[in-house]
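Down below is the structure, laid out as structure tokens.
All chains are identified by letter, namely A, B, C and D, in their written order; residue positions are counted from 1 within each chain.
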Amino acid sequence: MTASTFAVHTEDGIARFMRIRRQTLALCAGLGAEDLMVQSMPDASPGKWHLAHTTWFFEQFVLGYDPAYRSPHPAWHYLFNSYYESVGPMHARPQRGLLSRPALEEVRDYRSRIDEAVGELIARGLDAALADRIELGLQHEQQHQELLLTDLKHAFWSNPLRPVYRDTTAPASGSKSSPLHFLPGREGPVEIGHRDGSGFAYDNETPRHRTWLTAHLLANRLVTNSEYLAFVREGGYREASLWLSDGWATVQREGWQRPLYWQEDLSSEFTLAGIRELDPQAPVCHISYFEADAFARWAGARLPTEAEWEDAAADLPVKGNFQEAHHFHPIAPAHGEGLQQMYGDVWEWTASPYVNYPGFKPLPGALGEYNGKFMNGQWVLRGGSCATPHDHIRTSYRNFFPPHARWQFAGIRLGKDR
Amino acid sequence: MTASTFAVHTEDGIARFMRIRRQTLALCAGLGAEDLMVQSMPDASPGKWHLAHTTWFFEQFVLGYDPAYRSPHPAWHYLFNSYYESVGPMHARPQRGLLSRPALEEVRDYRSRIDEAVGELIARGLDAALADRIELGLQHEQQHQELLLTDLKHAFWSNPLRPVYRDTTAPASGSKSSPLHFLPGREGPVEIGHRDGSGFAYDNETPRHRTWLTAHLLANRLVTNSEYLAFVREGGYREASLWLSDGWATVQREGWQRPLYWQEDLSSEFTLAGIRELDPQAPVCHISYFEADAFARWAGARLPTEAEWEDAAADLPVKGNFQEAHHFHPIAPAHGEGLQQMYGDVWEWTASPYVNYPGFKPLPGALGEYNGKFMNGQWVLRGGSCATPHDHIRTSYRNFFPPHARWQFAGIRLGKDR
Amino acid sequence: MTASTFAVHTEDGIARFMRIRRQTLALCAGLGAEDLMVQSMPDASPGKWHLAHTTWFFEQFVLGYDPAYRSPHPAWHYLFNSYYESVGPMHARPQRGLLSRPALEEVRDYRSRIDEAVGELIARGLDAALADRIELGLQHEQQHQELLLTDLKHAFWSNPLRPVYRDTTAPASGSKSSPLHFLPGREGPVEIGHRDGSGFAYDNETPRHRTWLTAHLLANRLVTNSEYLAFVREGGYREASLWLSDGWATVQREGWQRPLYWQEDLSSEFTLAGIRELDPQAPVCHISYFEADAFARWAGARLPTEAEWEDAAADLPVKGNFQEAHHFHPIAPAHGEGLQQMYGDVWEWTASPYVNYPGFKPLPGALGEYNGKFMNGQWVLRGGSCATPHDHIRTSYRNFFPPHARWQFAGIRLGKDR
Amino acid sequence: MTASTFAVHTEDGIARFMRIRRQTLALCAGLGAEDLMVQSMPDASPGKWHLAHTTWFFEQFVLGYDPAYRSPHPAWHYLFNSYYESVGPMHARPQRGLLSRPALEEVRDYRSRIDEAVGELIARGLDAALADRIELGLQHEQQHQELLLTDLKHAFWSNPLRPVYRDTTAPASGSKSSPLHFLPGREGPVEIGHRDGSGFAYDNETPRHRTWLTAHLLANRLVTNSEYLAFVREGGYREASLWLSDGWATVQREGWQRPLYWQEDLSSEFTLAGIRELDPQAPVCHISYFEADAFARWAGARLPTEAEWEDAAADLPVKGNFQEAHHFHPIAPAHGEGLQQMYGDVWEWTASPYVNYPGFKPLPGALGEYNGKFMNGQWVLRGGSCATPHDHIRTSYRNFFPPHARWQFAGIRLGKDR
């Protein structure tokens, strides 16, 4: 979040605010209160919790910016604070699924009331600091839209009935996709990180800074299901030498044998549209860093670094299969020249641990807890996915997850030393 | 369940069936679908699961008795089988709270359809075996009514908002309750266990058999909150010598300092009517066997054996504070002569491990898993509680829980060697 | 321990004391300091710890009876107190294997010094209370002799080299052993428990009291390896309906498929003499209560109660395969009439949970922690084993272990309802 | 290990081999077989295991290079393989403390036999590949010398008697040490990594490559005990905002309140010479990455990156308080100009996650498992410690441990953005 460039954007402020807030509810259409209450693992949260927490975020950091503000539900502060230690203690994360109260209807009402209050605030005119916080709240809302989908997918998959979220039809992947080949990347000093004055960014994307790229190549497209299937069939999950030590221990302990949502038959997978046949041309998805890294080693390649990725992506338009396409699943690429699928479809695991950029300064106060305190034991992912809102992604965007996480829409682009 | 005495009872069969089934739903009045989905610990189940499982029980063991029967929801068999290994694999117990589907409405519809089918079966006339199974299903239903309440209490207590189930008013305990004193029990050979031909009983209450009572005394009433408070205040939870070794380890590990639902102030407790002041005359409740045993040792007494309890109770009418009183909480006793509160209010922990009676034969087939396979590591409780349906309890009734369990309405009657 | 009958026995007191103390060291002959330091699981202790703890017991309860006593090693009190909360805090049980200091030589020296001091005490003449405590110390020493052997067996089995303790040769089991048949037991009121004035007993064997036996049968001999092998081969470990619920969960979780020390080939086993062929006629050994109970169910029988066992055993001389035979393993029975192998070879799991006898009073003070506080979640075993000193066992002796314990020499005698 | 520069060094090959091997035994002088058997946590290994594993390494990778080689102890292969999956399965790491056999004497004999065989091999003349492997074995031996000390320290600390390893006297820190100040580092492109042809290096130090340093400062000396004490006293361990999220969770879960071996009084600490007073001028030690990072944040600074460290260290001679000084503890620095204590005393946590250098190629075959597979979830440490052999350390040396590890001699140098 770089203050100087911060604004309520090009559209009218209230309209943008309402559009993004409404989109979260739109994603819940067709889901019952029960569906929005499931927490299938500590890493995932119930949909209702996402609805409430994102609202709390506006209450805490926007409305609460006025010291005279009084919450309609002071007791909910404890429930819907996620991890901001500076603003007080919080409900234990693994227990979010126990909250039958407040009921979904109460949470929807809470959303309306807070939206109204924020709308009034915008209408009265904002100073820069408040505008920044509203923008941050909207970006935050969009992150939780994606999590709402990935968490729901895990919740539904945890139910032996395997419910369907949306009966979407993925476009048939016609002809064979482009053959995999490698394209050269830049060598020498480059700049990465968010460019001051070019719109919103999280603090962890700054400052823009110089780094040195060694000679390397990037694959023209994502790794497909059929390529990953070959790895599975040829014993990739049984060959220790392909894996990081922690990865091998995880494979053993968890009994991993294939991507998270693949069925045992290796020809179908669980999707938000229910069980579907695997599309051999579509990007492989729902794999961990450990799997991405082992696949790359098996393929005689490696993962790209985030600097290699960003430097290449900076030349491309931000286009791809995002949330708005309503596939909610990665799809086979169209034929094309150059780097395909850099944005959308699946988050791409990089070979870069998630750490601060040189000169990094977290936001002041509680908002400094947003990103900086997670800089340990996670890896950077780039490019957004089929669950990411299109206007949420940027070239410099750094997503991060621990190396065993599989429930995100995450896949593989290969890289190589030249 | 002793076949010869088994019947659909004195009332008209269908009416009795419908009355008990409807009572389960009546207990859910005022609760939302979300409330009925919470599973706050592996030992407790969501209300919706109780509604479905008890229905599955009739489907599996009554309707399914006809080999031509076809279930409307064959996929639900896996979800709502609790622990009957003989009839197939089952959904993992700790994951019952993840089932947003089937929705509550579908489960209510399922209940209706199965009730109708069973009603038709009864109307057509039953052979003895089927009548036995319906009776067992009804007894089973009543057990789950009690669990529905205790599990919901735990679920609501796990929510920091501490929701209220029913805003009941417990009768004020007027004057001081009867002073505690001890009454002599019988000595020598006695008979306990269910008497053949005297109505329904579970297999674990049979056969009626002889046992030998040594000289002993039983307390005239239950231990009260104020008596238990003295134990707490005088350091009962900090004195190792009062505790069984496993109990002391549990106290340390769990940080126990008072009964489960008491507040830290030692003057109020969480009830199904929300946070209420502790009634000093009411029976102490929601304690484990370990706590009951430690309290008894502190008081210079011991817990009664189940044979001592049953032999004494056999002389008394089955009367007390049961589910039908709608207190959903133990209450202070009226003044009275002889043994008070033997039935209702709280289950009384006994000094008897839960094992089979000599000559015990479990029911044949899958129903033999109902009771017999749990005869390890649990202790017998007697007398029913404020959550037990009145017509569910009997003198020979043997309830059982592990020694650390605290979420049941369980309390203490003291005994002594004479 | 019944005070009135308590004494330093028929032999000269000092000689008896020294004989038993020396026997503990004799069991360690041939073992190195490293062997005596292994702790292969929290339930087992290193040999060195047994040597020191038994010595501490005399120091604490005999020498320390004199308030003027000063220990040569006050810091060791914390290390070698096992579980006597009343005399102070103690080193965590699972960490006993971390004590390289004191070295074995120091512990041996400690034993000598304490033995000398106790010898002098006996030579000066004892009052009844001290004589009682010395006797208790000797009985305690003998219990730890057995544990030293069972713990060492587990330690050596945990080493992939499978070291040999003593290269003993078990007597060849010549002809086939007696066919299994059932003998009737007494019916009606009987007395069990230690008879006052008949020598030493632990507090948990008292008071002698009346109990009621129903009509029953007892098997003439122990269950053999070949009988148990049939259970294994016919799928006993895969059939849920044979098991208690906790037992089945344990089988699944631990992957049990055969007795603890049997090899995968089902024809050999690890013994204190190394890997040996299974003797088909020898008693099956190193099984848990869960396995004994499941086997009995499979065999259409049940386990005897401890009262049934004791009433039958009271008519028999205390003879059998004990520690002194130096087999350190159960052996095939000689042919014979009546009940065979009631004493020695293997501890016999009974169908009786370990609880107090009516009127039980633990020893006063810290020694009251010896037995009473373990009366939860364990089952009684009777008769002693090939690792028990002959003069340690009695008809009324009650051993107890949790239902999953397998590292003791424990086996099966069947019983039946008549 | 860069093949071209690899050799058996400047001294005569056999002499060097024998000197390093003997040094391992010299570190064990005064320790008994029991001391060398303790494993106080899964991360640490018994001394005897270190003695055997380093010998196995020579057997496996040097002697076993000859396919005709036959081991004197083939069964030990399984016991003393640490983590080389390619050469077969291995004994579980947390169970290394259970190996009473082979006895220490047998392991010493094993060392002699293997040393003799390797000596003969060297005497016969080596090809480059074998010379490389012997050099790697010696470097490996030296790493385990350090681990032997750190593991023994943890083992002795786990014993309530707190034994002394060596009664060394640390030099008194006379006057106050140099005031802390910051010195500028280079900015712009620099080269780091092992320079081809300059002697031995592990594969993870290669290839030498260019990286970009932003403007920064480095502290002239290590953080002292007295500086860290201020952090403790001012509530550093209670202030969430100072910590990484994983670090804060660890502080809570483990109850951390001070460095690992500090006593509760905050004025003394456990050392290899027993409990000693804290030297306020000596470097703080035995802290985790989490603590180093939190301290730096509290001090308004940050940790240096490994590139910043290496670029600065490259100008300095490799001198400092190493194993050969026999302090086995960090000491207060002499006064001096420029960067002090860059080598020796304590490993310095850097802000760099442990990942591969661009173009990294692991050694071929099983030896490729030496370093590369651990590139996840660990942080780089630089400079060696008081337990590192002097001739083992290099400017490009990269040590790595997980962020919670505290049992190594690890401390803090501060850095800053300029």
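Note that contacts are C-beta pairs under 8 Å (C-beta built on N, C-alpha and C of every residue); 3 or more make two chains touch, one makes a residue touch a chain.
Everything numeric in this text was worked out from a predicted model, so none of it was measured.
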* Asked: Common contacts of chain C and chain D?
  -> none
* Which chain has its C-alpha centre farthest away from the C-alpha centre of chain B? -> D
* Asked: Taking each chain's centre as its mean C-alpha position, how far apart are chain A and chain C in Å?
  -> 59
* Hey, how far is the Cα centre of chain A from the one of chain D, in Å? -> 38
* Structure fact -> Within chain D, the set of residues that touch 2 or more other chains is none
* If each chain is a node and each touching pair an edge, is that a line, ring, star, complete or other? -> ring
* Pairs of chains, among all present, that meet the touch criterion -> A-B, A-D, B-C, C-D
* Write out the stretch or stretches of chain A touching chain B in their complex. => 32-40, 75, 78-79, 91, 95, 97-104, 155, 158-161, 163
* Where on chain C does chain B make contact in their complex? -> 83, 85-86, 189, 209-212, 214, 216, 240-241, 243-248, 289-290, 351-353, 355-356, 358-359, 368-369, 373-377, 403, 417
